[in-house]
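Each of the next two complexes has chain A plus one more chain, namely chain B in the first and chain C in the second.
== the complex of A and B ==
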């Protein structure tokens, strides 16, 4: 039995439903359609079959971008799954001033990736703080080319991604740690288990599902990296454009009046396929555990 | 640990306050500016229209916050508390969008916005994110946590759906609503890729796009870039520091469950 007029729910849900169809469902369908055309902002839009995908197969820059994305993911994954958990355990204790620490760790999360990348760009600059200190202390004689060498640039972008992500995943772990039963820790302590042993035998199994969730979130966001690499390389994609990410390529081809919307859409589909990998891996791991 | 988190921001603040006479490229850097000055903030405003960029960012963020607060609350309530045909299908579609990274549809999103005549406008930047699908689902979860007995009591008293939303629903979802609005504000203020695609005229840039423009086009003076980043960073930190109580409380109430 209902207690409201039949159209009431629809009136309430209408704005969100319009947004769902106009800005989610339709663009998703249109991406698939465009991927099989030679669409450009002005004209074009003829069906070209698999031409965009054939072009992708012989695109050297795309190979670089895929390699970068996978390296990015493989380095971020262990660091951002474990470090925030360790910090969360440290921060969890009800210490005075804990609110301050929590907020401080969260500050890089609320800052824009552009702001963070500009700050790190200055720190890592040839004449910036880190090179200045290293030269002043005599560790190196010439500046380390953090931003102008292909792999160093990639690893610089990875470091700032890890730095920015710590607080975000820490908060997720904090709410999970609250659910780990205190008695288990006490029982293990009584049985003579030290802090390291308790971490592996009580904490880790207790937050196992959260760790799986975090590892998927980390992987997917690593595969979607854009702003960090774009700003650190000043929009160039590094030396020879070899530090492009997949999303940078999508942006490069899709933007402006000369954009290749069709090719950019084909790359978008590729991005979707790549990001589905970690999600499917999570489903499998979950099923195995059940 | 805290040093690692906070010191890069402080170093940037320090750089932004150093005068042109002070050598900032040195092997023995000093944290305290010799003669602290705000002249870099004045000069960055002469190089790029940084204050109008800030206003642009604020306009976008205001539209996104208002849209999400209203749209996600209304839809979340209907999906959680009212029965109607098609609710399951609709819910499934909302859920399905979550596995779709925004970057995958960003190009066709741009095609849509352009065909609405909104390319290179702030409305075009704000509109697609004005009702976030995740926010609808978060608000639905919050409304579902309200015990059904409270609704039944209201129904017996003859309350309409609207009255139930106002007097039973809203007072009980404040925590989640604050998380949704804070996230919406931060997300809109910080966004870079989408405004970079939509906006072409430098007069229309938001702060993030404007800062990269400053960095890419007039990259000479790190003091100016530092001043620009602080203009973007300080408002969001102040907003967050003031609201963090509500934010962490809302998160603990179950915004993010593992």
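== the complex of A and C ==
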């Protein structure tokens, strides 16, 4: 015989709920409150209404950061939605030694983002391997400023993000591909569909929900990019700080003894709004397609 | 319906409860008088394990000198020290005696978290060098808030091998920016642009050295957008355009310059009095080829100090401990382990610092010690990390030519003022 007391589920869920409240819900509410203040880490602050948001609107660096984050997302989104699917289709085949390729594609995911960015920094430096090779082969006469030119630095960070993310999304697609029924491919082949036609008419519709999930994950993580740009730019945000992402800007103002918590919180709210945009657009797109 | 009202009330209480912590309440300063005994805590910054024996020896000496005292020693790792101190200060758990460089101390002084040691210890001004003690004073606030501990400054270091190989004479080292640029040009031409002499962007300290006032005398606003500052940035911009500096200067921080020097790509760097000792570990073949010289202009003064928490329960022991650790004898012993310099007036005549053992590292120590007599804190303590970063970014735009020097300086001043006032 079992007894069900009304509080039993609450007791079971309490540890997780307390954790969630203390480390997620409370800080989130706190951020909203702080965004309307001039709070500092020491000594509190005062409510300042919309002053932080007015300041943000006139901040030229915020415009740069928004442009960087959006370019980052717009380039990463199609690449990281389609390339891992194509790689998953390749490594899905049961060939001898295919496990090696699966592992090879997944390896960058396991490595720490900071370590990988440091290695890429050494490769792309003016005196790095890539410039050394390019100069040695006579392709260029002066080093390509991968890390010291605004757009080249941004696209170097994008390349790093794409390379590092391929394996992660490939694994997600691999599990989705397993659910696409083989008979559909066979039937399409019997009807005379070639590999390209089968890809668009069988594979893509079969993994559409996964593609949506991947798109949402990619866009959110692209808008929140930090480590890649931070390490490649030595923490400076690139020449003139023009390669800062929104998160780097939040870190710049929010950290340290004299951190401007109010302004950093206002920027966090802006980041939330910016992140919600593509998510809602993708969900809407999916609903329409369905 | 009642449930919604209860939920709303909870939300209001939650929102009201979070966000703004109260300002530090003005507490009466603890009394400095009384017997030196009981427990007292000391926090150092990254001295373990390299200097464990030294610090433990100083602590043992203190406990022996003052029977009945017990020192609890906490050593924090180098990384994240400011965050650690911030957490301690906000949570009211700051140790009794704590190692704080001046820029860490400023926000704590403003919040009334530190004890005015000048008031509690009348002999302070007579026993410590004025420049170091001044670093623990803050405009508009009475008193001094730290016992200066050890000092350091910058010395020029030159790679003689690179200089000789590229047509420069190590006996005729540049002593001004103009001479530096002229020699950088020779080095570039002779090496075909493979190595450089200069590899650092100007910083606020360079502007101070050029006679530019960084802040107004009352510390209320920034004033470094002057024609002299424009002229200085223009010189760097022209040198960069000519290819006398590597492109890395646009994104590298100060340490990047030392990194290039250690690699043998750059022939000049600046560093503390003990730089050659650390270089001997990183690049043993380069270390013997390096010669030191006095920094150009007024040398910068770097200060470490021991502050005392105003909330200490044992002020007599905390004051005695801070004074003990920073005493001339204990600092002199410390300086024999590592090339740092004592902040006590009594140490000025110690021949250990004024005579070289003949090695290039020994020469650097003597140059640094002599430089300390005229060294000054070149950046006001009000300059925060965020301000430094924004200034570097603007200077980088000016050096690259993407913005004019005037535009970059105006933007940097506006940003710093905004951060200072908000």
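Quick notes on this structure:
Here is the rule we go by: the second predicted complex is superposed on the first by the 276 of 290 C-alpha atoms of A that agree within 3 Å, B and C clash if a C-alpha of one lies under 4 Å from a C-alpha of the other, contacts with A are read in each partner's own complex, and residues count from 1 in each chain.
The definition used in the following text is that a contact is a pair of C-beta atoms (placed from the backbone, for glycine too) under 8 Å apart; a residue touches a chain by one contact, two chains touch by 3 or more.
As the structure is a computational prediction, the values presented were derived from the model and not from experiment.
Annotation for the three-chain superposition on chain A: chain B and chain C clash.
Contact with both chain B and chain C is seen for A:26 once the two complexes are overlaid on the shared chain.
When both complexes are overlaid on chain A, the residue A:145 reaches chain C alone and has no touch with chain B. By the document's definition of touching, both partners, chain B and chain C, reach A:41. When the two complexes are overlaid on their common chain A, residue A:276 makes contact with chain B while staying clear of chain C. Of the two partner chains placed by superposition, only chain C is touched by A:258; chain B is not.
In the superposition on chain A, A:207 makes contact with chain B only, while chain C stays out of contact range. Of the two partner chains, chain B is the only one touched by A:224; chain C is not.
One of chain B and chain C touches more residues of chain A, and that partner is B.
When both complexes are overlaid on chain A, the residue A:154 reaches neither chain B nor chain C.
Once the two complexes are overlaid on the shared chain, A:235 sits against chain B and chain C alike. Aligning on the C-alpha atoms of chain A brings chain C into conflict with chain B at a single listed stretch, 73-81, out of 19-27, 73-81 or 217-225. Where the contact sets of chain A with chain B and with chain C meet, they give residues 26, 30, 34, 39, 41, 125, 127, 234-235, 255-256, 259. Partner chain B is touched in their complex by these residues of chain A: 2-4, 6, 8-10, 12-13, 15-17, 19-20, 22-28, 30-31, 34, 39, 41, 87, 90, 99, 101-108, 110-115, 118-123, 125, 127-129, 132-133, 135-136, 163, 166-167, 171-172, 175-176, 178-179, 207, 209-210, 213, 220, 224, 226-227, 230-231, 234-235, 247, 250-251, 254-256, 259, 261, 264-265, 268-269, 271-272, 275-276, 279. Interface residues of chain C facing chain A in the complex, by the touch rule stated above, are 14-15, 18-24, 82-83, 85-86, 89-90, 104, 106-108, 110-111, 113, 246-248, 250-253, 256, 265, 384-386, 389-390, 392-394, 396-397, 400, 402-403, 418-419, 422. Residues 26, 29-30, 32-34, 37-46, 55, 125-127, 143, 145, 147-148, 153, 233-241, 252-253, 255-260, 262-263 of chain A are the ones that touch chain C when the two sit in their complex. Touching chain A in their complex are the following residues of chain B: 1-2, 4-6, 8-9, 11-12, 15, 25-29, 70-72, 74-75, 77-79, 82-84, 87, 90, 93-94, 97, 99-101, 103-112, 114, 127-128, 130-131, 133, 136, 155, 160-162, 165, 186, 189-193, 196-197, 200, 207-208, 211-212, 215-216, 219, 222, 225-226, 228-229, 232-233, 236-237, 240-241, 244-245, 248, 251-252, 254, 256-258.
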